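Look for chain A in each of the two complexes below; its partner is chain B in the first and chain C in the second.
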Partner chain A sequence: MAAPGGPARTRPRSRQTAVAYLFLTPALLFFALFLLLPLLFALLLAQSRWAGFDLADIEPVGLANFTGLFAHGATFLTPVLTNTFLYALGTVVLATAGAVVVATCIDNLRCQGLWRTLYFLPVVTTVVAVGNVWKYMYEPGGLVNGVLNALGLGSVALLQNPGTALPSVVVVQAWASLGTAILILTAGLKAIPESYYEAAELDGARPFTVFRRITLPLLRPSLVFVSITQFIAGLQSFALIIVMTGDGGPGDATDVAALEMYRQAFTYGDWGGASAAAFALFVLILAITLVQLWLFRRKGSEV
Partner chain B sequence: MRRNRGTRADRGAKRCRGGAGGERGPVRRRFPWLSYAVVAVGAAVMVVPFLDLLMSSLKGSGEYGRLPYRFLPEAFDLSNYRAAFQRLDLPLLFRNSTVATAVITGSTLLTSSLAGYALAKLRFPGRELIFRLVLATMMFPPFLFFIPHFLILVHWPLAGGNDLLGSGGAGLTVSLAALVMPFLVSGFGIFLMRQFIVAIPDDILEAARIDGAGEFTLWWRIVVPQTKPVALTLALLTVVNAWNEYIWALLVSTANPRLMTLPVGIQLLQSFLDPDRMVPVMMAGLVLSSVPVLLFFLLLQKHYLRGVMLSGLR
Partner chain C sequence: MRRRRFLAGLAGAAAGCAAPDGGTGRPGDPVVLTVLSHYGSEPLKSAFQKVLDEWNAGHDRVRVRSTPVRYADLLTTAMVRQAAGQGADILHPYTLWAGQLTRAGVLQPAPPGAAALIRHGFTRAAVTAASVQNTLYGYPTEVQTYALYCNMRLLRAAGVTRPPRTWRELEDAAYASARHDGHGNTLVQGFGLSRTEDATVVGQTLALLASCGGSYLTADGGRAAIDSPAGRAVVALERRLIERGASSPGTDLYRAFPSGRVAMAISAGWWTGSLKNAMGSGYRDVRVVPVPGPATGDRGTLTTGFLLGVNAKSRHPRAAWDFLRWLNSDETRGGDGPHTGDGTPAPRPTGTAPGRDTRLPGVTRMSALQFSVGSMTGRSRDMRALLGTTGDANLVPFLDALGYATPEPNGPHAQKAKSLLRKNIEEVWTGRRSVDDALRTARRQIDHALSGDP
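Moving on, here comes the complex of A and B:
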């Protein structure tokens, strides 16, 4: 990045300072009111007991909300955090693997833009549409079971069965995020020098070998980037689950951490416990991000 | 994160001409049919749910959910669309969604461009610190803010019947402001605009300054025209996100049903008692609400996709 800021010889420095802060005022005001204040308020709530209503009734309880999350018999660690991890991990594996295959194949075709557009449609569709379409495709009278029946298999109530509910939602989340992953991987593919492929051709390498020995290793920076961003998105997201299973059911089979936070607050009115859960998840995501960035830097230097 | 060695970046088929032969090494051309098969099957998986949505919205009363599953409706029945208009206050939903999207997009563009200009081209104490703060804002995930934002808006002092301490009334949830306020400024938007404004040559700005133009004139006459493409990209990303936003709109409309947006209103049809009759109506509503944004995307997809790539820059 070029060093910003041209010399402004023609105008006194103080005048430019005033103008700059004037231009920044809306943004700074917003961040003070909708970033800093909420964070402080949420931190306060995380250490309080409060039933809502009057702000004067906020009662400090120290770290009790946090210890409550991890207390014996609490559901936060299992199944909620386990579900969260499985949800994020399943999404990343499916979406990234699918995106590598599709992006590589599209790279060989005509009309690349058109194909990519088709894969991108769910990304620009509201989660309410995506969630409901799939929810009813999973019903015994829906398309997925229609396909299963045509293959001679029996109908499964995929979202009502505790064993299949989470994987079913994972498939939808992966389906919906495939387009973004393909887009980023395509940029990575285009950046691989053509000369590598020409050299492989001279050596008579087979297509699969070329994919395994050239494409995949050189695509690694993009792959790592896609997996990190999708994993973190998976850890945070709960809108799709709200739409598809409502309350994280059946039982708590699809209850993930962000949804648990949402329900604690807006269904049960436990604002303190919910805020504590939010911060616990945030710290977890931050830690994972830092570890992944560190790994990426270390390995990235070898690529 | 991505390195572009400039070797093949421009060689990908942008149009449907050219194609496999000219642009790719022979090694990868050997099995084009395999690539076609994989991509086509995948594309079917992507598109069929959308078609199923459309078909379900056209299924007649009692036809939906019947076993065995049939993809095509018996008669293409438009009654679900009529029912969607009866059951949903579509004018209200469309109005709320449109107003919220317009306000959020306008505000994001304006504040991002102004702040981006200040951070890129003006010299003042605290600039580095503020730029780092803007970057830091992108670190906090949205779920962290649902609770405090909601409580802050409900307990906004002296609004919606609240007293000075923010108790007693409904706060800002009485007005459309509640729908848009948490999204008026975007840290990513400021960062994006700043990165593009930095590239404007200082000479142009300096020449205009010598001619006596004020900073606001510089911004309006030079910065805004020069950054039109990236502003369009930012606008598209913001429009799609704002139109599709669900959780926040759901929260504020539980406090005030007049604030319902399209996704919230349609999702609410779920709570009606006869699901098999309501599902096709819901699907009709979803078709109506998704078509505008899908068309929008298809028309301007080049700019939109560029935005997705740029958001990977963070």
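Moving on, here comes the complex of A and C:
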């Protein structure tokens, strides 16, 4: 016995599928051209030696580029990946913590749209402008040192000291990405039902207890999204570092993976090494993201 | 094998036309040669265009067009255009990149005739800088040597009456002339150390290293040699200057010296032109002397430069080499520059505006061009003739240094080795590593980079 409506129903469905794929074709072509093709080319380069000048000179070398990244004397693991990880971690901690505080404050204020807009302004400002303004503020004669001097303290060359250079750039990256995090967290705060707060008030809960027991747990899905996206952005960061410290200096204090990849490819002509480093970074980002998801899911959050 | 053939096919398909633009190709149309250089800003842009106009006015069949970019974009542009099959016929790279470019097959070796002219006309250091494994790849153009710039006004104010001749005198003068405010901000650096760029970190360090007979790579360029007594002495000297407050690497040297905030600094010859413009009458206080060595009479410095070579993919290599010979080797019969009736050069007043026509009989067009913008070529005879037209004694130490300066190593991984050296020098400057530790790390990292295939 045939299934109800068998062949007669299948034909229109397959036609629908064909039409759906037809509509999807432009998007699929776009992804193939600008995502898949470069990805495959990078995979090919990661296993090749290429100086970047002539495509005919691409020479297969197997896994040598990957082993070269971690060989004795190579700088990729330490300090490049270490700096990258610390930079991303610092950005996430500062931006997320700052955004939670600011979003909670905004949620209790009037003119919330205005506040959100103000905090979002750095996001729409070009990185070059942000980096240069902060760079001047950090200089020995700049605003930050002016404040220190006014307080009777000596000047600190924040971007010239290897101990303070990376934290100084982390602060700027966190400040610049605060707006996006605030936007997402304020939306998350709005989604928390008011009845929970009313019940807590009836039970006589203190504000900090309400924040810790109600707000934070119910904000967790938004926090997961913010921390994961901020971490990925931090791991891929390039522009702010190049504007503020130029070459990842002083020494290699602010040398991060994306900057190193750029230099390997465009300055040293080692496209194979740069592509291998890109894949290593991809694996690192994937691993960190999966760990973050696992940690949050263990506590009952879904993203 | 099949994979290589596939890649070659891919290359052809992706690149489209794999040769540089050489004109329309129609019979009767002139050949158009393109030059990729960093002569995109004044006064070099106008000076170079003037020479090209002269060539174009006298050569109907071969035209030359300049496609300049910023120096910072020069290597990247050459790389991207070459990969896209749009490489220029003539390239003007920094000699540090020569090994990288020849290894990638971008530059073609100079033909025997041109090579003979270059070996005959240019100093040994300039020829070495434009060669890779003893093969010449082009005409050395602007050649820079390093010397010590002294602001005599600041030194005199500190009780120092003459420029230093030894490291001891250099240190004493630096400590005496340094000044700070109450918050520890540096008002005057005694000796200018700066993280501004490779030249201010590695260039000046290698000049000091050469002054005590050291080098940072072995003679064959295959291994690091910086972890040596000479290397340790130089980096320790720099660290001492910083620790005792005579140097402050956070300052931009190129802004601080002209504004009277640096008493002494080691830099290349091109800086004289910039300082004249920036300092005006204050330039009178600037005096240039050879880089001091550990003891009186120790002599040595660094030389760097650019070369003009022909793209291996140019469709008109012969025309390109003809143009380069005309520009770099053919001696002119004199232009409308300053010279007396009997052919001897007339004195030119100090501070003559850059870009002015300085052609003299027997001087190449490139020498005249470089000199007009305050720079030099590796043709010391030309330079001496041109120097006779000016009263700027500060250029003499740079010219003298052409005879004894050590060329910057230019192997396939030279840029990477230089960057690694810079990072480790900065590690010492900032106090994060000891001299011994930093130089040991530099040796390990540079050896790894130099052995990288990949």
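Going forward, the second predicted complex is superposed on the first by the 266 of 303 C-alpha atoms of A that agree within 3 Å, B and C clash if a C-alpha of one lies under 4 Å from a C-alpha of the other, contacts with A are read in each partner's own complex, and residues count from 1 in each chain.
Rule of thumb we're sticking to: a residue touches a chain if its C-beta (ideal position, glycine included) is under 8 Å from a C-beta of that chain, and two chains touch if they have at least 3 such contacts.
Given the structure is predicted, the values throughout are model-derived calculations rather than measurements.
When both complexes are overlaid on chain A, chain B and chain C end up clashing with each other. Using the contact criterion defined above for the overlaid structures, shared-chain residue A:N149 touches chain B and also reaches chain C.
Touch criterion met: A:L118 reaches chain B, while chain C stays clear of it.
Looking at the shared chain after the overlay, A:P140 reaches both chain B and chain C. Of the two partner chains, chain C is the only one touched by A:A51; chain B is not. Set against each other, chain B and chain C differ in how many residues of chain A they touch, and the higher count belongs to B.
In the overlay built on the shared chain, the residue A:A32 is in contact with neither chain B nor chain C.
After overlaying the two complexes on the shared chain, residue contacts for A:F266 are found with chain B and with chain C alike. By the touch criterion stated above, A:G68 is placed in contact with chain C alone, chain B being left untouched. In the superposition on chain A, A:G251 makes contact with chain C only, while chain B stays out of contact range.
By the touch criterion stated above, A:N161 is placed in contact with chain C alone, chain B being left untouched. Residues common to the contacts of chain A with chain B and with chain C across the two structures: 52-56, 139-141, 145, 149, 155, 266.
By the touch criterion given at the top, residues 49, 51-61, 64-65, 68, 71-75, 139-141, 145, 149, 154-155, 157, 159-163, 247-253, 255, 263, 266-270, 272-273 of chain A touch chain C in their complex.
For chain A in complex with chain B, the residues that touch the partner chain are 1-2, 4-11, 13, 16-17, 19-21, 23-24, 26-28, 30-31, 33-35, 37-39, 41-42, 45, 52-56, 98, 101-102, 104-130, 132-134, 136-137, 139-143, 145-146, 149, 155, 175, 178, 180, 183-184, 186-188, 190-195, 197-198, 200-201, 205, 207, 210, 221-222, 225, 229, 232, 236, 238-239, 242-243, 258, 261-262, 265-266, 271, 274-275, 278-279, 281-282, 285-286. The touching residues of chain C, counted against chain A in their complex, run 3-4, 7-8, 10-12, 14-15, 75-76, 78-80, 82-83, 87, 100-101, 103-106, 183-186, 195, 248-250, 413, 415-416, 419-420, 422-424, 426-427, 429-430, 432-433, 444-445, 447-449, 452-454.
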